[in-house]
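Shared between the two complexes below is subunit A, which pairs with subunit B and subunit C, respectively.
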Partner chain A sequence: MLLNAVIIVLREVLEASLLASTFLAISQMLQRDRKWIFFAFSLGLVMGSIYALSISSVSMMFGGAGQEILNASMQTLIYLSLLVFAAAVPHQNKPLFRNLTIISLVFAVVLSLSREGSEVLLFITGFIGVPTLFNSVLLGGAVGAGIGLSVGVFFYYLLIHLTPRFGVWLGYVILLLISGSMMSQAVEFMMQADIFSSTAPVWDSSSLISERSISGQLLYALIGYEATPTLSQVIAYIGSMTLFIVIAITSSTLREKHL
Partner chain B sequence: MKSIRLYLLLALLATITLVNFVSLLHGYQSSMQKAESLFDSRLKSTAMLIKLANSAKQNQQHSAEKEDPYTFFQIFNESGNELIIHSSNAPHIMLGELSEGFHDVNFASYRWRNYVHEDTKLQRWIVVAERIDIRYILAEDVVLESLVPIVLAIPVSALIIWFAVGLGLKPLTLFATQLSHKRVDDLSPITLERVPSELTTVVNSTNSLLLRLEEAFDREQRFSADAAHELRTPVSVLKVHLHNLGTRLGRQDEDIVLLTEGVERMGHLIEQILALYRTSPDQAAVKFEQVDVFKTVQSLIAFNYDTFDRKQQTIDLDGESHVIEANLFALETLVMNLINNANKYTPEQGEIHVEVKRHELGVLLRVEDSGPGIPEAQRERVFERFYRLHGDRHDSGVVGCGLGLTIVKHIADLHHATINLGTSANGGGLRVDVIFPLRAISHA
Partner chain C sequence: MRNICLIIFLLLPFLSAQADTMVVEVRIKDHLFFPDEIRIPADTKVKLLIKNEDVTAEEFESYELNREKVIAGGSQAIVFIGPLSIGVYPFFGEFFPKTAQGKVIVE
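Our next item is the complex of A and B:
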């Protein structure tokens, strides 16, 4: 049970901590006020708890597919916030865009923490009534969270120790990968809710890197790795990343023209 | 990076957590495997015990009172189709294959681990089984006991790292504290008891910089004294010759009047520039002593009484003795500038009021006059160097160079005093309040 708890908690914590550390590092690079960070983290955790507490009523919505649809919507909103961020960053000199960058990142972090936090909370509280397994789940959860947060800390210091130019570039790349991962997961949730029909996997790389291994979880959190993705997931992954790149490049080009 | 201490805490803690937890997972996996093999050998031993304890070859009724629901045993005949004896919770058929060794089977909605042993001597099969989930829970319970301290050690490590890093950074903190607490006039080298090798260069460079700064200040001090002497002497000589020329040509001669004014202005300018330099807040050579503000003001008014008398002005001084930590020369210069300004801008037969009293924030020196005052909009600007109200067009007809209030501001800053300009309630002219802070008050 411990290993299952480690993997489930690690998957959620790692994803949230990578997004949060990228957000922290980018805020520092853009010299944004730190009060937003604490605001985003606190709000994310509070919202995650509320979501977890109201999960039974959420699940009952949309003919029993409420949780999947809400999760898919949250992932899509995170993706849209990242698109706004990509569009706003090159225009930092304008107050409107300066506020937009921070608001979009805060929005993405709050949503991400809410979703991941609620999943961790639901998983752990689900074992409260099973005393033989609860300790194991709690310990596994602590180990998973510890590994996830540690990777987040290293990632944050890596980003801020890089030269600003390379740091911003790497931050962009991470957000790009998170974007792809968000939309791929959103499609997966929509398939679970039968909004999209599930198709056969395009490939199966589970023998190479299993999704359940720690390296698989790391890759999942970092690049949205799926061992057996369906065609719609692949299309969503590539399509969302392409749109992100197009928006980022167009926005930078527009700024250069104005200059 | 906002803080070295926080960075070290987080980086070290993340390293410890990551390394410990990854090894914990490996340890967990191998301990679980080890526990599995221990359970297997226990199962095997149980089968051997049953083999020795029971020699039945034909059907027997087992009479155990209350059996453990998580284990069972069966003894089959040679062909495995007849159950000779079994525990009450055991199935009545052979589960899995009839071959020596361990097998995982399903029974009563659970997975069971069974050990099948062939008793070749009595030609029968002995089967002992345990529920896998219970084995797993038991094994995990044992393994977890050894893992909990590793997880609990993380917050303890965090505390220890926080204090250890704080201790390691102490020389740096002490160095920073000494630097920030240095008085503006203190250019003595920084001394640390034990300087770590990483800080040696920084401390040495800072001390050498302080030494060079002190030498530079000394040079400037000497230059200022020399310059004062060199500039004052020719101006004094010029004044003597001008006086003699005035006597010879008549004092009312227009050229003599203009020349006298020019020389007066030049002399005043030199004095003020020197005062400005000597009282600059970054002038490190200024030494502080205990000075009675009231007595200083009193003696300066007495010394300059003629000046007020010439314009038939009345000047009065109120208040009592207040001793503060101040530089006497600077304080005298401040008072002189304030009362001279009052004298200049107050018309003939006007009134000047000076007060020294205790204020809630320290000691208040107030100078009020019945002159034209300073409009509110210009009160900030009058402290700028060479800024003169209405340019040169003030109707006081007195020599001024626009440095008086700049000097006053410098001296106030030097003493951490605050200046407020306002309108005099009595005379309607300018009111200048200089408040020397409480810490400047001497308790000696």
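Our next item is the complex of A and C:
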């Protein structure tokens, strides 16, 4: 059970940790106070606990589609806050836009943490009724969370030590990939809840990179990799990234005109 | 307003038709799936009603079916799968992967 707990907690923590460390590095590159991360962390954990406690009732809402609708909404909101961020960054000499960049980052981190945090909490608290396993699950969970956080810290230092120009670019590319990943997952949840109809996968790359493999899992956390995506997921992935690019470019062109 | 109408119009082909759907009940007990083999017809949408009778939570997960859903201990959840083509689609309980294993057989 120990190793199992390490892997499960690591998987959940890794996703949130990569997202949070990218945002932290970006705010560092924009020369911002990084204190927001503590606020985002605490709020994310509180919201995650509330979600975990109410999961059974949430799950049976909307004829059994409550969990999917809530998850898809959270992912859409993360995406929308990334769009707000992309639009606000070029105008950050104005106080309103300057605040918007931080608010959008906090919003995205809080939502991401609540989702992943709720799963970790559900997994661990389930063992309260199984005293023989509880200690090893707690220990395993702590190790998993530790590894996940360390990877995040490593990633953060990697990003901020790149040359500023390259670092900002890489930060943007990661935000772009998170955008695509969020919307493709949101569409998947809508299919799982039968709100969107499910179709046959457009391709099957599982023989190339299996979602079970470590590289598959890492790619899933980083770019939302799916071995067998449906057409609507591919459209959501490409469409959301295109919109992100359009907004980022339009916003910086507008700034240049005003200067 | 016009934009909202356009978005709804574009989403229409993806929205699901709510017809009579076949329901399959799956129980989770002692970190095992009952039944652990679910046989369903090809090209048919199926509603899985998963009842978790353990005190621990479980996450129903399948890479092949592209599905994942957390089910708290002593509660139930619904997951739609299909329409699928003929084949075998393994699923597992992410929280107890050693024992909680099963497959959907589409024939």
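As a convention for this text, the second predicted complex is superposed on the first by the 224 of 259 C-alpha atoms of A that agree within 3 Å, B and C clash if a C-alpha of one lies under 4 Å from a C-alpha of the other, contacts with A are read in each partner's own complex, and residues count from 1 in each chain.
As a working rule, a contact is a pair of C-beta atoms (placed from the backbone, for glycine too) under 8 Å apart; a residue touches a chain by one contact, two chains touch by 3 or more.
Not measured: the values here are computed from a predicted model.
J.: Applying the document's definition of touch, where does A:160 land relative to subunit B and subunit C: first, second, both, or neither?
T.: In the superposed model, A:160 contacts subunit B only, not subunit C.
J.: Could you look at A:151 and tell me whether it touches subunit B, subunit C, both or neither (first, second, both, neither)?
T.: So A:151 only meets subunit B here.
J.: Please name the chain, subunit B or subunit C, that touches the greater number of residues in subunit A.
T.: When the residues of subunit A touched by each partner are counted, C comes out ahead.
J.: Is A:132 touching anything from subunit B or subunit C once the two structures are fitted on A? First, second, both or neither.
T.: First partner only.
J.: So subunit A touches subunit B in one structure and subunit C in the other; where do those two contact lists coincide?
T.: none
J.: Where on subunit A is subunit C touching in the complex?
T.: 4, 8, 55-56, 59-60, 63-65, 67-68, 118-119, 122-123, 125-127, 129-130, 188, 191-201, 206, 210-212, 226-230, 232
J.: Using the touch rule from the top, collect the residues of subunit A that touch subunit B in their complex.
T.: Within the complex, subunit A touches subunit B at residues 1-3, 6, 132-133, 135-136, 139, 142-143, 146-147, 149-151, 153-154, 157, 160-161, 214.
J.: Could you please specify the touching residues of subunit C with respect to subunit A in the complex?
T.: My answer: residues 11, 14-18, 21, 45, 47, 54-57, 59, 63-64, 66-85, 94-98.
J.: Once bound in the complex, which stretches of subunit B touch subunit A?
T.: 1, 7, 10-11, 13-15, 17-18, 21-22, 24-25, 28-29, 137, 140, 144, 147-148, 151, 154
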